[in-house]
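What follows is a pair of complexes built around subunit A, which joins subunit B in one and subunit C in the other.
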Partner chain A sequence: MKTLIAVPVVVAVVASALASEIHAPAQTSAGSAISISTGGSGDATFYLIGPASATKKKVQAGSDIGVDGDELDNSGRYIAILCASDGCTSTSFFVNPAAANRLGLLVHPSRVPTGKANGISTVAFVFDNFHNLVLKPQPIKFSITPKGGKEVSASRESQNGVAWVRISSANKEGATKIGAEIGHADEVRVVQQVAADACNLRIRASRAKENYLVETDPVRDCSGNSVPDGTVVSFTKTDSAGKTTVDVPIKRGVAKVEMPVQGQARITVASGVVTGNELEVSASR
Partner chain B sequence: MNAALRYSLLAITFAVLICAAVVLRLGASAAAEVPHVEFNADNVGPREIEDLTSQSIPRDYGFAWQTMEQALDENRGGLLDGYFTGSAKQDLKARITSQVKSDLHAHYRDRGHKLEAIFYAPAGDAMQLRDHAQVDVQVLDGSKVIYEEPLNMEYMVVMTPGADRWLVRQIQAVPGDKP
Partner chain C sequence: MRRVLPIFIVVVTAVLLVIAWFQSGGAQRREMRSANTPEQAVRLLLSQVQSHNYDAAYDRLANRTDVDKTSFMREFEGSYGSLLTYASLESFDLSPLHSTDSDADVRAHLHYSTAVGPLDDTRDMKVQKSGDVWKVVWPVSRASKLPPQVIPVNYLRWDVISRGAGEEWGVQNVDSPQVRIVSMNAIQRPDSVVLVGEVVNEDSVPAYVNVGATLLDAGGKELAQESSFDKISHVLLPKQVTPYRIDFPNMRLEKIKNVRMDAKALLVAASADPVIEINQQKMETDPLGKKVLSGSLLNQSGQIVNIPHVIAAYYDSNGKVIWVSDGYVAQALLPQIPVSFAVDVPPDIAKNVQTYRVVVNHYDTNSQS
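Let's look at the complex of A and B:
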């Protein structure tokens, strides 16, 4: 009777000792090779399913399976499966990002008016060499170098792989370099700072045969930067014939237009939301 | 009488075919159902989320999961073009390419997502989110199920705006919730 009980128990113990098993480290770093140990014996199939891969290979159950670092480039959850004659068994593990060594930099906008407070948004995403987002806090150095000016920098610590700053644009127009740096890696974007809205817009009028030639002084913003050619200036004339508005682009720094005048006329000028001086002219002069 | 019988048989056959087509169609629709996404943007910053964006994000994220699940099940990388971009699309396409090589595919039963916005860029050009996803996953070698498990997963997600929708640019599972 004892023998009858003992034999199946021994068989069960031996069978469980030979059953397929698979063990992997709970966590590893992206790009690092690991070894996955298996139990059991005989021919088996090993599967490794990751965020960007799904591989299958024949193995011998009971041996260790080497997984190369380049099979573990992507951070995330991996499933290792071993299928043998007695069925399939699996384990899962996480691949964490490697050391931070790259930045993705978003700078917006690409053109900004001078003197705009918090006008430039800069966001840095922290990656490792395999483009995995590094979630552990990392110090990021942001810098701004205006044209012909000195670099100004500020440090921010990333949270969940992101760091950001808002930067005010300088008073001088020109290309400004916006940079972010982590370790040996840096990224630079160029933002073109352009003149802001016109400031102290002034016009003068002179007789040109039957008409008046109305012309602005050189159009500049409040910091003295020339407002770019092509910016529209609106001249409005009000006389006995009614109200007429002419839109003229700035050319070589000034905007000018010839206007016929009937009797007394009032001429005003505007560019965007900025208005300038008014002129009173007469057709008889 | 024979003619009546013949017409009756034809009508019955036709009805059976219609029913079969409807059943198949319903089955296909169920597989491609948009998962439920519960969205929370209470703690997002520095930019405040716009009303339209708070509707677009969960809708587009749900569509992204729907297409991803279908793509991984049917090994159709082209399905990813609609709602994925950048490294997320590249990685998932690589996964599908290797699934095809190994004759593998993955079947998902999506039990829903709790999506939390944690960062919205000042210029509105990127949003980072955390997703607590509940999915039942099966991995199949041909038609043989080699792995199945109900999972509670946490993902870190970056979405960026496209022409008419938000696209998943980065989706990375992080250690957090356990099965």
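Let's look at the complex of A and C:
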């Protein structure tokens, strides 16, 4: 009985001593080729399972297996498995991101009113050449170039692959280039700084044949920027005939409308939630 | 036996034809052909209009020499892509106003079914006795015509270039426009809860806006969800303000603890043209005794506005929006030709209205925006 038990145990121990083995470097960089050593003998199948890919190839157990760099593009944990006639054995290793060489730059919003404190959010994501997020801290140079102005820059270190700055919009309207730079990567976005709400909205009326021509002074925001053409200005006239309203878009900096007037009339103006002055006009004048 | 079946089929066909004739109002039309009363004359005319028999309807007019047949047809069929071109006269009711031996006035309430829902129109028709029969005196259209001319239009137009499919990650699209709900008021109506208010486009680009609302009970559970649908001017130019109204039928205000508002805005291509002037706005009582806000629309541009849609916000003495009503205008807006409109105001709300504001939304078949 003892012999019957002892024989299979010895066979198993000998078999395990001859079983295939696989050894990979504990870590490597994305895109770098590696060599995985194996033990044992005979035909075997090699599997490499990564975060975004899986490959299979026939190999000879006991020889080194070369893994090309393009099989290791994605950073993360990889499992290498060697299956031979005596069973399967596996090992795992980590592929770290390569050197930071790309940037994803998110700038929000694409339009911002002038003079808005911390109105522009700029977030940079640091990637290697293989689109892996680089988690190690990296210095990123953020730059702002106003239209017709000098570039202003500041450096921020990324944390967990992300770096950000908040920027206040300028008091002068116009396109501003916001950039971020790392290694050979240089990304630029354009933010349109537009005039804020109208400020001191004023109208004046003059006779135009039988009607009154009512027009605004050049419509500007509180920083003196011209409110963009197309912005709606609402004129309201109230007289004995009733009420008249017209939504007129600004054209060449001013909004104007012709209105018939019966008797005494009161004319008001508004743009969005901003109201302007009131005029009292008379048909007889 | 062989002859029985054909005879049976002929008899059944004849019976069906007779039924169909009765159902289509043939007997009624025949009875009225003589138009012995003013009401019969109007009913006959409108029945013929309803069945698109304009030749017969036109023949029934007392003043054919003054009325152009094409103009008469356009009164019901519409023109220039107006709402009536997408409508049909579904039914009508008549009520006599006054009558003598030789003339009479009959009020006709016309009910159209249109692409945007029912449309009602009221017309007072003069009827004259001519020999033994009564005939309708059709009002002669005095609509002014615009002389041929060139109207220069140089308003802004916005086009949008969106992000390309092959762009890198991080190259984001142009942001959606910033819109803001500036007011909201929940009102209990007899059969519904209504949310009214205003929304403004705060951005410097045009926005396609839709306002939605979700009603929540005390436990935070969703009771109902609705959107403003067509009770809003969807395309807002920069700094433009529109009223909105959201109806929740069969809902009680007491059940609602909270309202979640959601204004969605999309960046759209748009044109600042046409500019529509809204003149002579006044609250009045119409001939049917209903409170209405009436006025006239004047298209200042050179482009035809096919279907104007009037939306009015009403404010109380505190400047709070207390109601929003809307109405489609049956006629197209031709350049520089005024067209009148009227929108209903519930009588219980009309008494609290201190002021109002009207905007015009428009649907154009040849719109470039």
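Rule of thumb we're sticking to: the second predicted complex is superposed on the first by the 269 of 285 C-alpha atoms of A that agree within 3 Å, B and C clash if a C-alpha of one lies under 4 Å from a C-alpha of the other, contacts with A are read in each partner's own complex, and residues count from 1 in each chain.
We adopt the following convention: a residue touches a chain if its C-beta (ideal position, glycine included) is under 8 Å from a C-beta of that chain, and two chains touch if they have at least 3 such contacts.
Keep in mind that this is a model prediction, so the values were computed, not measured.
Shared-chain residue A:F125: touches subunit B and subunit C both. By the touch criterion stated above, A:G230 is placed in contact with subunit C alone, subunit B being left untouched.
When the shared chain is aligned, subunit B comes close enough to touch A:L135, but subunit C does not. With both structures placed on the common chain, the touch criterion links A:K56 to subunit B but leaves subunit C unconnected. In the superposition on chain A, A:P109 contacts both subunit B and subunit C. Applying the stated contact rule after C-alpha superposition, one finds that A:V162 touches subunit B and leaves subunit C untouched.
According to the touch criterion, the shared surface of subunit A, contacted by subunit B in one complex and subunit C in the other, consists of residues 106, 108-109, 125.
Across the interface of their complex, subunit A is touched by residues 46, 87, 90-92, 94-95, 98-99, 102-104, 106, 118-119, 121-123, 125-126, 128, 130, 139, 141, 146-147, 149, 153, 156, 158, 170, 172-175 of subunit B. The touching residues of subunit C, counted against subunit A in their complex, run 154-156, 158, 168-170, 172-175, 178, 182, 200-206, 237-241, 272, 275-282, 295, 300, 356-359. Of all residues in subunit A, only 103-111, 125, 187, 192, 194-195, 197-198, 228-234, 236, 241-249, 251, 257, 259-260, 271-273 touch subunit C in the complex they form. Residues 27, 45, 47, 49-56, 74-77, 79, 81, 83, 88, 90, 94, 96, 106, 108-109, 118, 121, 123, 125, 131-133, 135, 159-162, 164, 166 of subunit A are the ones that touch subunit B when the two sit in their complex.
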